[in-house]
Amino acid sequence: MADKTNTIFRALDRKASAITEFTMRQYRTKISTWVVLITGLVIISLLMMFYIDAMQRDFESVDNDGDSIDSDGDSYPDGQERLYGTNPFSELSNPGFFQPPIPPDDPSVWVDEDDFDWNESPTGTRSVSVGYDDDGDCRTEDRTSSQKDTNDNGIECDIELSLSLTGEFMYDADNLVDEDPDDEAYAKEALHRASILGIGKLGFVFIISIFIPLFMATGLIRDEMNSGTMHYMLTKPIARTEVFFYRVIGYLGIVWPYLIILTLISAVVTGFAGPGDSLFRFAEFGIWLAILFAAMMATLVYGMLFCFLGVMWRYGIVLAIPFAAWELGMALLSMGVPDAPILRFSVIGWALIIVDSASLIVWPDMALLIYSGLSVEGTDALGFESEELIGSEPLQYFYANPGLGNISPFLSMIIATVVLLIQAIALLFVGGAIFKGKEIE
Amino acid sequence: MNEQIDSPEQNPPEDLSFSEHAPVTGQGRMDAAWGSKDGDEFTTAQITNNTASVGYVFEQIYKPWNGPLNPRWMRNWAILRHHVLGIFRKGHRPWSLPTKLFIVIVFIASLGDVGLTLLSALIGSPALHTMWGVNRDNLYGHVLGFFPRNMLYYPILAALLVGGIISEDRYHGTSALYFSRPISRFDYVMMKYISVAIIQAFVVLLTLMIYYFVEILAMGRGWAWIIDTFPLFLAAFGGGIILIITYTSIGLGLSSVSKGKFFPGIGLVAIVLGTKTLAVLVSNLFERDVMYLLSPYDCLAHVGQALVGTQPTYDQYSWTWSLASLVLMNAFFLYILSSRVASMEVTRE
Amino acid sequence: MMPDFHQEGQAETTQWQPEQKAPVILLENVSKTYGKIHALSGVTLALSGGVTGILGLNGAGKSTLFKILMGKIKPSAGQVRLFGTNPWKNPAPYARVGFVPEGEKMHDWMTAHDFISTFARLNGLTRDAAKTEADRVLDFVGLLDVAHKQIGRFSKGMRQRTKIAHALVCDPELIILDEPLQGCDPLARTTIMNVIRELGRMGRTVIVSSHILTEIERITEQIVILHHGRLLALGNLHAIREKMDNIPHRIDIGCQSPKELAKSVIDIASVHGISFQDPEKLTVQTRNLGDFHSHLPKIIIDGGHKVDSIDNPDDDLASILGYLTGGGGM
């Protein structure tokens, strides 16, 4: 098959592979490439070390409902007295007077006596019934049905969750259900998720994906235009747009494998060190894939952009550096206000949509987890004040809904990808056209 | 066809087949060049009339120089002047136009609080004055506030200034011009350092002074107020000096190790903004403030908070740690700078 | 004859067909201005075949001319055609052109063989074909034994030869060399000049620029003289010289008694000036070289003068350039 299109394609292919290969080998000989890539690796390793340290830490269990206190000083914790129906505020009323007498529990039994077992999120206006009274203080037989169903939803000892019209969680629990969740379990799970999101969004998609293109792509063509070595390439029968494109491909040939390696390391570390019964958290490969994909798209667009700025102007860096600062502002903004319209004018705003959408797919109970951690804060029915659970605040900070409104996460992921690709293609054409019109001294 | 081209005065030869503006028209077919024939049998040529008027020999008389050689500081002053005046005038170091433009923009943007102080004095709005007038927090914020000053203004200004300050000299071979004079390398680098610092001081410290004096003038402040607030002003001024020194040290250190123009600028911004982002990430996720010690901006802010006496935002360790970290950062980059300069080969790279 | 001035196309060699009748190089009234500086003004030139030397002082516009020819910069006015195609819009003719840029910057980290074979692939060669081609051109410039050393370790002459080898890939019909002899030692110069002469002998169109005058003389007699962006002269070196009739030729005659000889020489009609710059040398100025040379032998024999040498110092590029630019050839 040696027809014409075939040979043209093969000739183009030869040029593409030659320039791509040349660019990759050129990067390999520059010290700055290695400095930058190793610095990126050090940053991610540092973050992973902090993460492992957090996962190994013992989180102090907090008595969130105050029932480990022995209010009347009879050595029976309030929770145990309540379970057996004695008066926790009277010394003369405690399970020790039962026949046979029941020995007092250690107060620590009444810390974290309820696990966290909400497994469903309400969707739309439908409310769901979640929660299981692990310690049995609600289900105890001497309580009446109305005592067991204080939220009047017809199910005893449950929590009724619903979404308000504004998208806020409404929480209505029967008394004594999940009143003291396991702090350590919650903190580890929340910190684990927050770490993946935080490291993924700020570490990978911002720090790595913006500074590596800044260092590596700004001079991709400009350096050679300045030094005069571009002459060797441009005296060959090749269009300048092709040169621009193949140079960027060569840059991606270094950066994308590097990102894949970094993500793989991070995924393996968080998979093994993360909390849970299983040895490895396979389910979270999805979120790491999304982070990798977002970082790849970001490095593509930034690479095209910075290369284009370098071609356009001898002082392209003057435009590139303020742009990087702008992107940092947008990254921080997207954590708080993910649907701000101004984010649509940034690259990172779109790239983070991919991560946020994936986190919604991988962890559908995310909003609930944050809410349950935060909802512990406040004063309960018995007048006990407690703080929100450790880990809920970082998780709230780093988690954001995909900012494209109420559409399915898959759809918003596809939209964000398409937008980023359009940005890249537009930059390719603009950059190629500018390069074509440049006089090379 | 092309008006802007000087049309030559020469009369073209008669056998012309191209444009009449061309002094010489040539259509030659030189099938056999040197080697096969000796060229004499093929003798056609076209020349112009002899009208160009260049090239004459002039008499050269060497006059020996016997003036006094000025002391070292005089030569250093010349280098400093050459760099700093380049911002304002032609004929000195050519800073790039965007750098000059950025300095003007940042200078004006840094005067934002001055304008609002004036406005509050004019319309007599105490609420506006509380927000923007001189007080402890605002003096700190003028120099060390993160957004927008230490995110968009000062590090980027420093990055643009140090971008090519040493590397460009090396690239173009102009450093050889300095070193062919009786100037030591350290004087050369010291003057570059000071001139970059002065240009930054022009933006950071001058606007701070303007801010303070505008407050005195616009609000009619008396001695009592001045005695109360002058230490705060001095503390903010000191914080500004440390900021300038730190950014300049890092920037010049990077500039001395690299050949290009891009690397030092991007490196400085990456160090300032990158470590800041990293520290925020670690602090938010793991409640560890230790990464702030690696961030130049946060160390500066911590020391500045201690100097000015505002509410500290870093509460896991004492500000002296930040100061020590700043000293270490400066020492490290100054060491790189001096060792690179001492071993620098004066060649065109 | 006139090529299609509106031909545009893609950088695809298989689709591009060169204009067969057009000259290899055709510049019509080409000008290039940088602000107020005229790098080239109104240059018109057509060349095909042979070795041509482009001469000019620094800043005469030689490199600008080449960059315009290679589509690196855009002419401010005028038409440029390379094989009948506008090189600014269409890179296709580069398949038949080799260009040696000025300057020393090269990809120092590559070996000569890598450098040439990598860039040969941009001509559309396969990897293996490119390697074979690199061997061939490196052999031609005599660098095959150091082909696998890094260019960064090469001497200036070797670097220039590497650049020439790079330009020779795929056997181009037109080779443009911008200052190929600059900064080379005598041995390297001789080697490079031999390479250029050999290319000319093989029938390629070769264009060499230089301000080193004697070397150009040794390479070619077809020259183009540029000065301040204008074309001053074009053609055979000797023919140019003879055309400048109104300009006196200078002849140095080394002899033991110059004053005696002068008395006889002054009688020749075409001689209009005599001077003694040296105790043993007579300098004669004439307006007609042929006439003078026809009389000289008779005078020498008749007068019995002892003549050591007869030198014609003006008949080189330096003096032509001097005369043409009004410097008087001194």
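We call the chains A, B and C, going by the order they appear; numbering starts again at 1 in every chain.
Keep this in mind: a contact is a pair of C-beta atoms (placed from the backbone, for glycine too) under 8 Å apart; a residue touches a chain by one contact, two chains touch by 3 or more.
Note that this is a predicted model, so its numbers are computed, not measured.
**Student:** Can you name the chain whose C-alpha mean lies closest to the mean of all the C-alpha atoms?
**Tutor:** Checking distances from each chain centre to the full centroid gives B.
**Student:** Based on CA centres, what chain would you say lies at the far end from chain B?
**Tutor:** Of all the other chains, the one whose centre lies farthest from chain B is C.
**Student:** Approximately how many whole Å separate the CA-defined centres of chain B and chain C?
**Tutor:** 44
**Student:** Between chain A and chain B, what's the gap in Å when you average each chain's C-alpha atoms?
**Tutor:** For chain A versus chain B, the centre distance works out to 38 Å.
**Student:** Averaged over CA atoms, how far is the centre of chain A from the centre of chain C? Could you give it in whole Å?
**Tutor:** Here chain A and chain C have centroids separated by 66 Å.
**Student:** Hey, which residues of chain C end up touching chain A in the complex?
**Tutor:** Listed in rising order, the residues of chain C that touch chain A are 10-16, 67, 70-74, 91-95, 97-99, 101, 103, 105-107, 109-110, 115, 118-119, 121-127, 130, 166-167.
**Student:** Residue numbers of chain B touching chain A in their complex, please.
**Tutor:** The touching residues are 96-99, 102, 147, 151-152, 156, 159-160, 163, 258, 260-263, 265-267, 269-270, 273-274, 277-278, 280-282, 284-286, 288, 291.
**Student:** Hey, which residues of chain A end up touching chain C in the complex?
**Tutor:** Per the touch definition, chain A meets chain C at residues 4, 7-8, 11-12, 14-15, 17-19, 21-22, 25-26, 29, 227-229, 231-240, 242, 439-441.
**Student:** Under the definition above, what is the set of chain A residues touching chain B in their complex?
**Tutor:** 32, 43, 46-47, 50-51, 53-54, 191, 194-195, 198-199, 202-203, 206-207, 211, 214-215, 218-219, 222-223, 310, 314-315, 317-318, 320-322, 324-325, 328-329, 394, 397-398
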